[in-house]
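Below, chain A partners chain B and then partners chain C, in two separate complexes.
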Partner chain A sequence: MLGPRESSLWHMISAPTIWALHFCVVYGWTASVCARGPDPAAARLGIGIATAVALLGIAVVGWRAWRQWDYLDDYDYEHDGPSVEDRREFLGHAGWLLAIVSAIGVIFVGMPALFIETCL
Partner chain B sequence: MAGSRRRAGRDPLNVGRVLPAVLIAILLGGCSGVQSVLDPAGRDAEVLARLFWWMLGGAVILWVLMNGLLVYVSRIDTRPLSARAAEWLIIGGGIVFPTVVLAGLLSFALSEMPEQRAPGSGLTVSVTGESWWWRVEYLPDGAETPVVSANEIRLPVGRRSEITLNAHRVIHSFWIPALGGKTDMIPGRETRMSLEPTRAGEFRGQCAEFCGESHALMALGAVVMDEDAFAAWLEKEAAPAVPPESDAARRGQAVFNAEGCGACHAVRGTAASGRVGPDLTHVGGRVSLAAGILPMTAEALMRWIRDPEAIKPGAMMPGYDHLSDDDLSALAAYLEGLT
Partner chain C sequence: MTDITQSMSRRVLENADDARPEGIYPPTEEMLDEPVDPELRKAQEERLRAVWAEPPGWRYWSAVNNSEVGAWYSLTAFAFMLAAGLLALLMRVQLAVPENDFLSADTFNQFFTMHGSAMMFLFAVPMFEAISILLLPAFLGARDMPFPRLSAYGYWSFLIGGIFVLSSVLFGIAPDSGWFMYPPLATESEGPGSDIWLLGLSFIEVASIAAAVELIVGVIKCRPPGMRINLMPLYAWYVLVVGGMILFAFPPLIAGDFLFEMQRSFDWPFFDPERGGDPLLWQHLFWIFGHPEVYIIFLPSIAIAAMVIPTAARRPIMGYNWIVLSAVGTGFLSFGLWVHHMFTTGLPSLSLGFFSAASEAVVIPTGVQIFAFVATLMVGRVRMIQPMLWIAGAVAIFTAGGLTGIMIALAPFDWQVHDTYFIVAHLHYTLFGGMIFPIIGGVYYFYPFFAKKKMSDRLGRWSFWLTFTGFNLCFLPMHLTGLKGMPRRVFTYPGDIGWDWLNMVSTIGAFVVASGILVFAYDLLRPKSRQPLTERNPWGGGTLEWAHDIPDPGWGSRSVPYITSRYPLWDQPKLLERMDAGRFYIPDAPEGLRETIVTSAVDAVPQHVARITGPAWCTIWAAVFTGGAFIFPTFHMYPPAIVCGILAIACVIYWLWTSTALVPEKPMKDAGLGLRLPTYVSGPRAPGWWGVFITMLGDATAFASLIFGVFFYWTARPDFPPENAVHADPAFAGLAAAAFAASWAATRIARGVNRSGNVLTARLLLGAAPLLGIAGATALVLAVWWPGLEPATHVYPAMMWALVVWTCAHVGAGVIMQGYCLAGSIFGKLTPRYDADLWNTTLFWHFLVVTCLITAAMIGILPRML
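== the complex of A and B ==
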């Protein structure tokens, strides 16, 4: 669905996409649970599950991107040549960095649930 | 270049030296006073002030380090970095360091938040944002009917009081910087906060969400009292209005009735029972007039009644400039006597 890993941009941006989905799910879930209930425990549980699932997804995406970059094979972090290999490594490298940013983003979005004990 | 230096040398006012001093004086003026975040008089405001000082301290340290580094690499040691050193600088200084610092600051700020939402004990004060004034209702523990007041909030010192917030037509925000954080007031949805004042005194609140043309003129007197004084005040506030004592005040009451003021304003214990405008039962006992804008004096009352629009653009109350000075003065005497 996302096209070939070596040349498709979609794989590169799948980690930020998970981050965006996590953001929407957490906000939507909290709003609806607190409007219905309010049930802070259910809100926190849902945020915890969504955060764990998102981090797992990002870890998988990040690991695949890291493999695609294959840094430890050739220690190559410049990918400006017009070759298939450079394109593959560039997309892997960028995907790996985006996975790190996305993981930090997901943690920061989920963190308030650790501290805040009420809906209001 | 040389020309500008000569001009600066002839500058009789020495703006280059005076201006920073003036700016510092203006900035330092915000460090204390009745409406300062940096001069806390409540438990929640103390937390917020501490948070501010930590953030400021951190920002100053980072600013000095960053600019020190910039000066170092551009002036003191201008040799190029090795590729490896540059890599570590980018990863360490660009990713790891900010992530750790931001995570620490976020955890610190978030850990302070539950306390800001702690439930109150005993007194509940319900505040409704109107255009552009505050409807204030006190509900002591166990009471069924609220004590209605306006444009001023009084709280007992050393006790956490529950504050419930509503808005009539548009969004407002309730904020008494010396006592605590701000909370939005939203039409159709009740929000809440709690305040625990730690020091008796007079403070000032301000609507902190743009709500129309007189938003900047929507302030709020905040008086923190010792527990006994507060209980005595609330008992007095709950009582009906005192009858006018002087001749002028009696005449003022007649003007009040003849002009139909009671259609919008309530003075409990009289026929006036309007709910549209602020309750005036004890208006003379408040620290300010027109939601924190004017002092509570006879002159200010006359000015306000004659032309509210001139003082608070868009105010719903019509002007009474057809009244003679005698009538206005009598009306002011009546209202001032409603303590």
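== the complex of A and C ==
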């Protein structure tokens, strides 16, 4: 169902999917640890680990998307032609941009754990 | 030029004996240059015209074509908007002066509840669906949407539900607990108001999901040959994203409605803290829907801007890829914001931090598209066409609303202004800027396409300036009113505390907005029979909708073109001439059937000529009875509701049996330009399979929301499950799981053996499968009934029962589908070669078996581990 990378919409949205999973994990973890504990240190540690894992995943996805975009090959960023190459590079470009936004999203969502030291 | 059979890999082995596309694709320039015989062209046009003609006389209302349904849909949504706007005006009259007694407190409560609910559920979301149904096939050069009868069913459901909900105001029994219906206020509210809201709007939510399914399948499978994913009009991208968002946003609300109505009708205490419930669960489920909803409204409207701006700037959009990023990114991030509506509910500050941060992060993708629009205008040669005025106003107002959004995304600021008029100002800035202005601009822009006439430029400018000034006059002061402490939803206020003149100004502004909207309404609806027809491409646009025919022959696209550009009318010089001549695909209707071309999801390689459904009454009956099934329970009239439910199912079965997945007269047909395409496909190449897949994604989300509920109670409540609670019987739960798994396996195996020609075994399996399903459902009910779980005593047994009820209802649907396939096999509708129904049923059961197994584990195993 996923299909080959260069022609798959599912691969294009894998970075934001990692963002969504990270968000669910962080939200669920904090809710359980703070409600059942409350143990802010464990909450913050878990968030830190989840954030690191998610960023790593997004980095891998982003790197592959960058390769698929292949910008440095011809400095093309428009991709409006009717060819397989245009479509492949378009999906790579969109995937790469989504990886950037997702990474920012993950960092933003993880950041409160740096500053907030309480479950209250 | 290549032979298409070689260029397509055989990914699904079981489909190997299916008919495959044969012949030449893509077409060569020589083939496209070949002239069409004028006699033939005329004969083709006559046949097409006859097939696509709208039904005459009173039968007009049985039409299902996207141009009719889309027009009814948008006019109905507009009428509901005017009604909801009238409520707002009456509220503004009440608030104009302090201590006013124009409206009673109770009436005021009903009015603001209905104003919000109607604007959101009866106008904003349906308007997106309506406009997309009208426009999408034209953007894609398609003849129609993939499931026209589903659009019609959605429309009639919307009309019935909308009239039901809105008319409750006239009888003074409207919901009065605010558009988000917070318990305990809403659960304890007297009279049928809350039930009207819950059941009436659930009914409309179902229609919304139906439209979303149709639109997603339309974008993925009904693009013209050659329109690869990187060439798709931006509107289609937005529709795809918004359709996906609807699938993940509406189901949590439907799950919430289900729990809520169980509490209202049967006193199952989901939101009652005295019996272990928690009112906050409703807030979570509501806002998991409610915040993405804002973007569901905003994105398709801004998509209109993405279509108008290149035309006004007379150049392709700048940063197409960036706008795709923006749409997809916003679609995702908007699901991480819901708690910013709940900053004051006392959640851990760490949690508030995530949601605050995510709310700030969503600004990035939202802003990117605005910058792309501005960049396009800067590098283009802009003509200030009248629709562009509305788009410019939209961008200005939306940006202002976005800036206050950044402020209230910060929890400490939100604590200060929560539930004040500052929020009212913010949300109206985002919704007017993000929805009303672009939509009206879009109506002016696309009107020549809808109606083949033009609206008045002069009235349009009047309307714009009245609406724009009035809007700012009405809502800009509200920021200050809010900062000065005036709370929302109060029916009156004391004088001399600094709110008087601000409210008076807002009221005057509201009437100026109303006059602007009325000028627009007049311009839209005034008779134009003496006005000349418009020219074909009045604004000089580059996308396919301007290849429309004038006057409208009903066929959508004379022939389905081969596309090689994002702006085919600008870049493919002979395109129009060839489309008109019938040089492209399916230029004829020799079988007298409505058809459109189905292409592959990413590269738009032709796969299939889909036969689509024509005018029908059964869709209206199905909607009427579905309406009955939802409306009767509002007044606690259950027997007629059950009868209506059964009749609705009967109508749907009749509709499917008589018009979908029919065995074609021949397996392949000539699609034109040397290409032969199958007339029947099953599995992932068929639009119907995608329809089931997408519906089930939404359904899985609703189920996941119920599971979220279980874990929510577990984290939020110390007494879930209560000590010494009666648990469900694990043996019965295990038995149910085994029976469901066997039913699923029988269905899946039946598909394989049927395909290999062993019809008798397939029939035996399909006969056994429903029995196993019913046995499983019985065992599941026994698992909670036998040990004596009393749902009204505590939220824990109630939640276990809710899971069982949900699962059994789905098993009911699954059993009907298995029976349908068995009947199909017996009556020759389903054969080894033509087995789409069985593929779709199997797909449904893949999802269903997961639901069943999780339910069995949730009731049988998990509570003992918590």
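One rule holds in what follows: the second predicted complex is superposed on the first by the 119 of 120 C-alpha atoms of A that agree within 3 Å, B and C clash if a C-alpha of one lies under 4 Å from a C-alpha of the other, contacts with A are read in each partner's own complex, and residues count from 1 in each chain.
FYI, a residue touches a chain if its C-beta (ideal position, glycine included) is under 8 Å from a C-beta of that chain, and two chains touch if they have at least 3 such contacts.
Values in this document were obtained by computation on a predicted structure and should not be read as measured data.
Once the two complexes are overlaid on the shared chain, A:H93 sits against chain C while remaining clear of chain B. Shared-chain residue A:M111: touches chain B and chain C both.
Counting the residues of chain A that each partner touches, chain B and chain C differ, and the larger count belongs to C. When both complexes are overlaid on chain A, the residue A:W19 reaches chain C alone and has no touch with chain B.
When the shared chain is aligned, chain C comes close enough to touch A:S32, but chain B does not. Of the two partner chains placed around the shared chain by superposition, neither chain B nor chain C is touched by A:R67. Common to the chain B and chain C contact sets on chain A are residues 104, 108, 111-112, 115-116, 118, 120.
Within the complex, the chain A residues that touch chain C are 1, 3, 7-9, 12-13, 16-17, 19-20, 23, 26-28, 30-32, 34-36, 38, 40, 43-44, 47, 77-82, 84, 86-87, 90-91, 93-94, 97-98, 101-102, 104-105, 108-109, 111-113, 115-116, 118-120. The touching residues of chain B, when paired with chain A in their complex, are 95, 99, 102-103, 106-107, 110-111, 113-114, 117, 191-192. Residues 100, 104, 107-108, 111-112, 114-118, 120 of chain A are the ones that touch chain B when the two sit in their complex. Chain C makes touch with chain A in their complex at residues 226, 228-231, 316, 320-322, 324-325, 328-329, 332-333, 335-336, 348-354, 356-358, 360-361, 364-365, 563-566, 601-603, 684, 711, 715-716.
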